[in-house]
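Note that subunit A is present in both complexes that follow, paired respectively with subunit B and with subunit C.
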Partner chain A sequence: MTDESVIPSTVRNNSAEKASNKIPVGCKDKNTFVPRFLTGVVVLTVLSLIYLNIDWLKLLSRVPDVGVVFWDLAHFDFSDMDIIFSSMLETVSIAVLSLLYSLILGIAFGMIAARNIFKITWLSVLTQSFFTFLRAVPTPVWVLLMLVCLGMGSEAGVAGLCVHTTAFFTKSFAQSFESISDETMEALEVTGTSRLSIFINAVLPAAFSQIVAWTGMRLETNFSECAILGMVGAGGIGYVISRNLQNYNYGSAGIAILLVFIVAYVIERLFVHIKKKI
Partner chain B sequence: MTKRIPLIAREQKRMYTIFIAVALVLFIATSFYTNFNIMTLAQNSDAFWAFITKDFFPPALPKASRIPGVLSSVVVTLALAMSSTTIAAVLAFFVSLFASEKISPFPKLAKYVRGFATFLRNIPALVWAFILFSSLGIGTGVGFVALLITSFAFMVRAFVETIEDVSQDCVESLQAVGAGFWQRVWQAILPSCLNGFLSWFLYCIEVNIRASTIVGMVGGGGVGLTLFSYIKGFQYDIAFSIILLIAAMVIVVDRITGKLRKEILK
Partner chain C sequence: MDKILKFENVSKHYPNGVHALKNVSFEVNEGEFVSIIGPSGSGKSTILRSINKLIPISDGNITLDGLLVSQQKGKELRKLRRKVGMIFQNYNLVYSLSVLQNVLHGRLGYMDGLKGIFGLYSEEDKKEAINLLNELGMEQFCYNRASDLSGGQKQRVGIARAIMQNPKLLLCDEPIASLDPSSAKTIMDLLRDMTRKRNIACIVNLHQLDVAIKYSTRIIGLSKGEVVFDGPPEKLTDDVIERIYNTSRENLMIGGAGNDKKDSADCA
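Up next, the complex of A and B:
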């Protein structure tokens, strides 16, 4: 019975194609999700633009001013070089130092957050959800709060950056640890190795290259985060940039911005280079 | 005499040693330079604890008359992120066509287009915001442009990588039969790269939600500005509930984009 119903339909299809002389190229069971998604995005964007109610004409009329500012920024003023360099060094130091502290904390918390190491599910879930919360709040917010607690200085910068970086590392390291095969773990378990020892001797070496990759990626982010921290009130190069811009010292601000670009670019290149090697 | 068999390959061992040595040297150098001492934190820990328990907890709601304002500022932040990312994605799509040497009609210019995008990308969004504030004045429009610049530059890089990862056979065979540039784009590149593009677009929305909060803090409007004004006004308990609100907003958006990404890459 099924055969009878199938055959005529194919014959009919064939004859229809012959009649129009066209082979259908479109895929019948295409993913219809993408067009719907795109429509949704367009509708949301239009609604957002209407809601924001930006005065485009006013904005456009001021565009020539942007050119003037860039022109001023390009007239480098080398008189404040020593301050710019020392604050740049401070920014880089804060970024690196917070990265190192977070690396240690991230490995420790990642060990707890990974489900396969201590096998205490409630502790893993608790750790993960706590760090999801910490990660969801942008870094400058943490730094602002640290500034309130600890006062001005590098401590607030390092501690504030550490919050977000540790949260990021915990999540990504836990993921790397969980991807290690259960066979390895089991083989060590039957020999009676303690859980901590399994972690140090089997899990950590296996995840090492991934840890390096995550660290490199985070250094990039940490530097740019650190560069903007000054703008919300902490020290470093961000403070130099915002102060100089507000005082119309465009020459010095231009150098500082250029320096931020150069350092960020060097870190990015370095990271690409290391990633290729691993 | 006992001969020990090394458990770790020598190559690997050397890599660990180098890694730890570099980390140690950096640690000492940077600690020395910034005068950062973990003990200072430990000494301040009681003040720290008092701050958390007294000023922060319990989170307090802002005055009832302020609540609609706070909620609408959240919508402003979301709207900023959404609209700037979409417009940046459309622009980045067209620019990335010219930034990839393999398909650009002007292969010699591709390097310069990419260089320009690298320049825009490596300057943080907040620095752009500050540069633009000093020329365009403070407001939502400027926050929009600042977010647009960085997400545009980021997506140009991501899109170019996506285009170059996809096999070039399709493009080549279309070229061989004499298809024009736009025909190649619509028939070969767009169908094979669209899902990759959309996945990057979703990632960029996640990033921009956070970035628009930060840009808001320095004058771009939205929930960042609200939070900043409460912190500056020493109303930490209200600030804490706004932090919770921001966290909830980010987590919800991350969940949604995660679901959508799975659906797209299926």
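Up next, the complex of A and C:
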């Protein structure tokens, strides 16, 4: 059997026309969007480089300093352990508390934002647009606003984190609720059940595993954001890190940073484990 | 015998211009077992769904248990809906919940206030649900997840949920279309026996002509949104079948001598 015989006749004709013996593998009408997109990225990168006027050579000469700083950070100073631990506990508490409040608010607003629960389209669109606005403004900005309103301290951290987290949960929960099949909802609708009752008895249990997954993902984000928020004055480990860095207290800062990494890693592993169970 | 349901010159036009129902009139009495047959797109589902106002009709009157369906709204509509149980081709259970919880969903329409919202069922309801599952031969699956059941078992849970409503009328939208022949027979037997025992009127949409003839006390034949036959199964002659399906009876059997291409194009 020759090679020619295994090639379908249509393909053989095609390749004959192109006067080449290679078989084409791409789609007939090629998608031109991807090459155009990539060209756009390259152009934007070049423009950004020109605009920012970054001096890479000067930066390169500073690289050895990075090693020095990390070397200093690695010389752990255990003298401030009590403050570091208590502020770490504060950070975790802020993250957990804001998560819990947002979870409750997110389920309530997600119910309104989902188009299939109450079937009031204007209300869903209004809720979704409002929370899109809240989400567009970054968390540190909300925390700074709350610091102005509520004063320094962890209350502002919880409140500021809640704004963004609730907005995030509203969108993601609404999506989860909308993915519940209309037929299942219909089956309860025809029993004469009210829409709120359908939501709690059918939609919520069906979306439960997705809610847990979103929550786990968000706890990670909240924790890392919380670490940043301390730097703007909302209490917690971030404040300890920034203060120690400013005072060239690299040993204590090093321990705090390591602790942040350990806690973040533990949270991640924990939720990987929980996700497997559901 | 009491009249449960009455269709008077019911028409339905969809916004896309499809006339799903044209001047449909029929009555259903207590305890009847009515099959609606007809090709896909003939309006079978529209008839069932207009009875509990899942689809609003364009013209005519539907009277359910003495009340005009089109006039019911909000709480009154919910009250009317709980008199009508419904069974679906795809079972439409909440698969993350237990079998018992799914059956108890049938009672939610009767529960007011916080009890209804949070699904706090009474002990009596729970007992009734367990008895019902016993009757359906499903007692050992009470506490299993609904997702773990086979198709026939899921449909039995669907039946239990509908019967829990204490309905006067049971609507079945192609209840056996996703089942193997043996499960299909079990489900049809259960539907017939349980509705007969409780004197519930039953309307079943069917694609299987032989099943319709075997189980029904009456058959309604639909073609392009019009009732072309309404009578006992014995009177369903080959002529009538040809009028309903627009093709001869032999062509309805899979592997029949008919022009397959034409048939599927008509029915699709």
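Basically, the second predicted complex is superposed on the first by the 248 of 278 C-alpha atoms of A that agree within 3 Å, B and C clash if a C-alpha of one lies under 4 Å from a C-alpha of the other, contacts with A are read in each partner's own complex, and residues count from 1 in each chain.
Here is the rule we go by: a contact is a pair of C-beta atoms (placed from the backbone, for glycine too) under 8 Å apart; a residue touches a chain by one contact, two chains touch by 3 or more.
Nothing here was measured: the structure is a model prediction, and the numbers come from that model.
Using the contact criterion defined above for the overlaid structures, shared-chain residue A:A113 touches neither subunit B nor subunit C, since it reaches no partner.
Counting residues of subunit A touched by each partner, subunit B versus subunit C, the larger count belongs to B. In the superposed pair of complexes, A:L219 makes contact with neither subunit B nor subunit C. Judged by the touch definition given at the top, the superposed model places A:F261 against subunit B, while subunit C stays out of reach. Of the two partner chains, subunit B is the only one touched by A:S93; subunit C is not.
Of the two partner chains placed around the shared chain by superposition, subunit B and subunit C are both touched by A:F208. Once the two complexes are laid over each other on the shared chain, residue contacts for A:L245 go to subunit B alone; subunit C is not touched. By the touch criterion defined above, A:T184 lies against subunit C but remains apart from subunit B after alignment on the C-alpha atoms of chain A.
Common to the subunit B-facing and subunit C-facing surfaces of subunit A are residues 205, 208.
Of all residues in subunit A, only 31, 33-34, 37, 41-42, 44-45, 47-49, 51-52, 54-56, 58-59, 62-63, 65-66, 68-70, 73, 89-90, 92-94, 96-97, 100-101, 103, 132-133, 136-138, 140-141, 144-145, 148-150, 154-155, 158-159, 205, 208, 212, 224-225, 227-228, 231-232, 238, 241-242, 245-246, 248, 257, 260-261, 264-265, 268 touch subunit B in the complex they form. Across the complex, subunit C meets subunit A through its residues 52, 54, 77-82, 84-86, 88, 90, 92-97, 105-106, 108-111, 116-119, 158, 161, 165.
Chain contact summary for the complex, subunit A toward subunit C: residues 181, 183-184, 186-194, 196-198, 200-202, 205-206, 208-209. Of all residues in subunit B, those touching subunit A in their complex are 8, 12, 15-16, 19, 23, 26-27, 29-31, 33-36, 38, 40-41, 44, 47-48, 51, 75-76, 78-80, 82-83, 86-87, 118-119, 122-127, 130-137, 139-142, 144-145, 194-195, 198, 201, 210-211, 213-214, 217-218, 227-228, 231, 236, 243, 246-248, 250-251, 254, 260, 263-264, 266.
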